[in-house]
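This is the structure I have questions about; it appears just below.
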Amino acid sequence: MDKCYLGVDIGSISTKGVIIDSNYNILSSNYIWTEGSPIEAVKRLIPTLKVPDGYKLSGIGTTGSARKLIGLMLGANIVKNEIIAHAIGTLNYYPDCKTILEIGGQDSKIIIINNGIITDYAMNTLCAAGTGSFLSSQSKRIGVDINDFGDMALNSKNPVKIAARCTVFAESDLIHKAQLGYKKEDIVAGLCKSIVLNYLNNVGKGKKIREPIVFQGGVSKNKGVVKYFNEVLNTKVIVDDNSHLMGAIGVAILSAKDNSNLDFNLDINDIKFETKGFECHGCSNSCEIVKIFKDDKFIDAFGNRCDKTIRIKQ
Amino acid sequence: MKIGIPRSLYYYYFKDLWINFFDFLDIDIIVSPKTTREILDLGINNSVDEMCLSMKNYIGHVFYLKDKCDYILIPRIDNYGLDNQTCTNFLSSYDIINNLIDTKILNYNINLRNNETELSGLFKISSLLGIDKGKMKKAYIYAKEKEKSIRESKIKENIEKLNSNKKKILLVGHPYNLYDELIGKQVIKMLTDLDIEIIYSDLFDTNDEFKYYSKELYWKYSKDNIGSIVKCKDKIDGIIFISSFPCGLDSLVNELVIRKLDKPYINLIIDDVESSGGIETRIESFVDIINS
Amino acid sequence: MDRVIAFPLMGNYHVPAKYLLSKISDCKVMDAPKITSKTIELGSKNSPDFVCMPFKYTLGTYIECLDMGANTLIQMGGGCRYGYYSELQEKILKDLGYDFEYYNLVSKGYADIFKIYNTLKKINPKLKKIKSIYHFIITKNMVKYIDKIEDYIRGNKGFEEVDGCFDKEFNDMLNSYLNNKGLISLYLRYKKYKKRIKNIKLKKIDKRIKIGVIGELYTLMEPFANYNIEDALYKFNVEVKRFTNVTYLLFEKGKKSKKYLKKLNNVKYKMGADALDNIYYTKYLIDNKYDGIIHIKSSFCTPEIGSMGIINKMCEENDMPVLFMSMDSNTSKVGMETRLEAFYDMIEMRKNNG
C-alpha cells in the first residue's frame, strides 16, 4: 500500500483539507466555511476527502488558528503554526520563491525567504481592516456578492480612494462614498486597492519584497486585489490555482516528513467531541480554560498557566 | 546653498522666525508646498504604520524636500523648562529622520532646563554655515521682532472675532493640525461655508489658565490648547477639538477637559484624510445644534 | 472610617510595594486581584479609545479594588504618559460615583523623594522621617534582590529538569520577603533563596537559543499584558534576556543615557521614555550574538513607535531576526502564540542551515 497524508488548515473563516501522496501530489482536496465552529467544520470536511484505494493514511497535520484543538481531535502527528505551513507548502511548488504575501480571513502575513529558509516574517498588528473578513463584510454592505467582487473591480477605470487603515474609518468612508453616487465598480475597485495599500503599509512595511512573489490565502482568489498588487509593486505576483490550500499542503508535507508510520483513521463522525470553556479559580490567575472531551472523556485542556486546573477539574 | 523647511510640525511654531532669520542672512530657503495627497502618501509609505498622522505627514514633507535642497532644518524640542515638556515626537523626529534619509540635516536642540535656548541653537547652526556671529545676532533680533509683531496682530484679530455677531466656534488643536491643508483646513472651510466665526486655540497668550481644568499637566503645547478654552469659553458657542489619530497627549488631555466642559463640543479624530465624509456630517449637525 | 489602600499591579512588584505601604501607612493594604480579562473589560469600557493599554489595565484594577472596599488609591507611575494618568483616572472614577482618596506618588512625570514623603505624610500624619527612610532602604533592596533573582531565572528557567522548580522557590522567596524583620533579615532570606535557586538542576544543551525581549516597560513587566511571553519562550527551551526592571528604571536609567549615546553612532538624542534604551539594547543583543529580538509594546505607545524604525534598520543591517508585537485589548492569545511559535521555528531553521 502507498502512503498518503492529510493536512487540515482551520482558519477563522474557512477550513481547508488536502490529502497528498508521498511525492506530495494532491489526491483529494476541499474547502468549506468554518462558520464559527472548527469542530463541526472539520466533521463536515473530512468525509468529503477521499483516501483513494490502495493508499493508507500515514500522517495527519493541522495548522491554522484552531490547529491545537483539531490536532487533538484528529490525533495529528504534527501541529504547526500557519506561517511555517504556508512557507513549506509554497516552497514545494515554487522552490525559488523569495516573498510570500498571504491574506486570509482574520490575519495577513508576509514571509521572506532566502535560499529556501524563512529569514523574516510579519503579521498584521492592527485590527481586521484589510483582511478577508473585512472584504466580505463590506461587500455585504454595498450589496455585491463576494464572488463577483474581483471581476467587478476589473471593470473599474477610476477606483475610489477609501480610508482603510482602521475598520471604523473605512466603514464610514465607504457609506459616504456610496451616498455620493460613485459607481459600484469604482467603489469595489477602491476597496481592493485599499486592501493592497493597507497590507503593504502595515504588514509589508520595512520588508524587502523581492521576486518571485507568491500571493496566497483566500483573498488571493480576488482578481481585483491581484491586479492592484501587480500595479503597486510594479511586477507580476504568482497566484497558484491552489493558493488557498497552501497551508494545508504545507502541514501535510510536514506530517509526511515526520515519518510517524502510525495508522490513522478518519471515522470521526461517530466520535462525540466537545469543548467546554470556564474560568478556573484554582488560584488568583483566573485563567480562561478550554477543556476538551472526546466521547465524554477529558483528554486535554489549554489556556491554563499552570497544571492545577487539570488536576482539580478533571 | 539652500535650506529646506518642511511645512509641518515645527513650521507652524517657528515659520515667522525662520523665514525672516534666513531672509536677513540672504540664505535661500525652500518651504515644502501645502500638504497634498502625494506628500502625505510619501510620509505614509516611509514611516512606521502606527505613527500618528501628523508625524507621517511631517516625514512626507521631509521626503518631498530631500533632493531639492542642501540641508533640511529639523530642530528638536526637549522642553520649555520644568513641567513644560513636549510630545516625544518632538524629541525623536530628528533621529528618526536622520535614519531615513541621506540629506544633511541642520539641527539644534531646545532644552531650557539645560540652558539650550532658541538663540544658542540658531547660533550653533549659523556657525556651521559659516555665518559671522555679529551678523547672526542682528538677524535673530530682526526675526524675533518680526515674529512678535506678526503674532501680536494675529492674536488681536483672533480676540476681536470674539465680539462678532456670528456664532463663534473655538477650534482646539495643535497648529500643525489646525492649519494643515489636508487635516484642519477642511474643517475650517466647512465652518466658513456655514458662516461660523472661527476662533483659533493657538492665537492666545496663555499662562496658567490651564490649571482651571488640569493641575498636573506638564506638556507645554497641551497647556496652550487648554488655556485658550479658559480664556474665551464665556464668549463662544461651541468647541471643536481636532486631533490626529492616535495622538497620545490629546487622548488624555482632551478627555479630561471634555469631562469638565459645559459647552457643546465635538471631538474630531482625523486619520486618513480621505474620509472627510463623516466629518462633514458631524460638523453640519453640530452647527445645527449651535444655531438652534 | 478605616483606610484601605490599593494600588495597581505590575509583575511581582506588588510585594515590595505592599511592604512599603503597610509599614509606612499603618493601614490595611489590599492585595489587588490579579489582572484578568474582566479587569481589561472594565478598564477599556471606561477609558478613552486611543489611550495606551497600561491606563486601561490600571483603571480596571482600581475599579475592582474599589468594589472590594478600597478607599485610598495610590498611583506610582511616572514618565511619559504614565505621569499624567492619575488626574484623568481620578476624574473617571469620581464620575463613576466612587468615593475615595487618590494619591499620586510620582506627579508631573518624575519622582521627587520629598514629594513622595510629603504625600505619604498626608496618608499617615504620624509618619517619622527616620522610619520612612529605613523602610525605603529595605524596599529598595527588596526590589534589587527580586530583580537579580529574576534575571537569573530568565536565563535558566527554559532548561529546568523538573518543571515548576523555579516558580516554587521564587514564590517562596517572595512570601518570605513580605514578613522580613529588617535589613539583615531580608539579606539572609535573599542569600538563602539565591543558593536554592542556583542549585536547581538544569538540562544540558549545547547550543542554547538566546532571545532578548525589549520594548515598553509596563507591557514588558506585567505578564498579563504580554500574555506571559517569557513563560511561552521557556517552553521552547530558550534563554531569555530582559533589561527593563524597576531597579533599572528607578536607580540606573538616569545615569546611563550618556553612555548609550556615546556607544551608538546612529542616534544623537534621548528619544523619549525608553526609546533610546531599547535602541541600545538592540545593539547589545546584536554585538553579543543573540539569536533574536522581540520588541513588545502597548498599541499607540508613541516613543516606542519612534524607536521601531531605527531598531528594524539595525536588525536588517545585521541580519538579526526581530519580531514586533503591539498589544491592545483585542490581541488574542492564539494570535500571539502563532507569532511566537513561528519566530522560534524561523530561528531554529536559520540556525540549522547557517
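So that you can tell them apart, the chains are marked A, B and C in the order they are listed, and the count of residues begins at 1 in each.
Here is the rule we go by: contacts are C-beta pairs under 8 Å (C-beta built on N, C-alpha and C of every residue); 3 or more make two chains touch, one makes a residue touch a chain.
Quantities reported herein were computed from a predicted structural model and do not represent experimental measurements.
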Per Cα centroids, the chain farthest from chain A: B
Chain whose Cα mean lies nearest the overall Cα mean: C
Pair joined by the larger number of C-beta contacts - A-C, A-B: A-C
Length of the line joining the C-alpha centres of chain A and chain C, rounded to whole Å: 34
Rounded Å distance, chain A centre to chain B centre (Cα mean): 44
Multi-partner residues of chain C (each touching 2 or more other chains): 299, 309, 313, 326
Touching two or more other chains - residue numbers and ranges from chain A: 125-126, 206
Residues of chain B engaged with two or more neighbouring chains: 48, 50, 245
Parts of chain A lying in touch with chain B, wherever the complex brings them together: 125-126, 161-166, 169-170, 172-173, 175-177, 179-180, 201-202, 205-206
Touching residues (chain side chain B, partner chain C) in the complex: 47-48, 50-52, 76, 78, 83, 85, 87-89, 91-96, 98-100, 107, 109, 214-219, 245-249, 251-256, 259-260, 269
List of chain C residues in touch with chain B within their complex: 48-52, 55, 80-81, 83-88, 91-92, 95, 104, 107-109, 266-273, 275, 299-300, 302-303, 305-310, 313, 326
Chain C contact footprint on chain A (complex, rising order): 65, 80-84, 107, 115, 117-123, 125-127, 206, 208, 279, 284-286, 288, 303, 305-306
Sites on chain C touched by chain A in the complex: 33-34, 36-38, 164, 228, 231, 299, 309, 312-313, 316, 319, 321, 324-326, 330, 333-335, 337-339, 341-343, 345-346, 349-350, 353
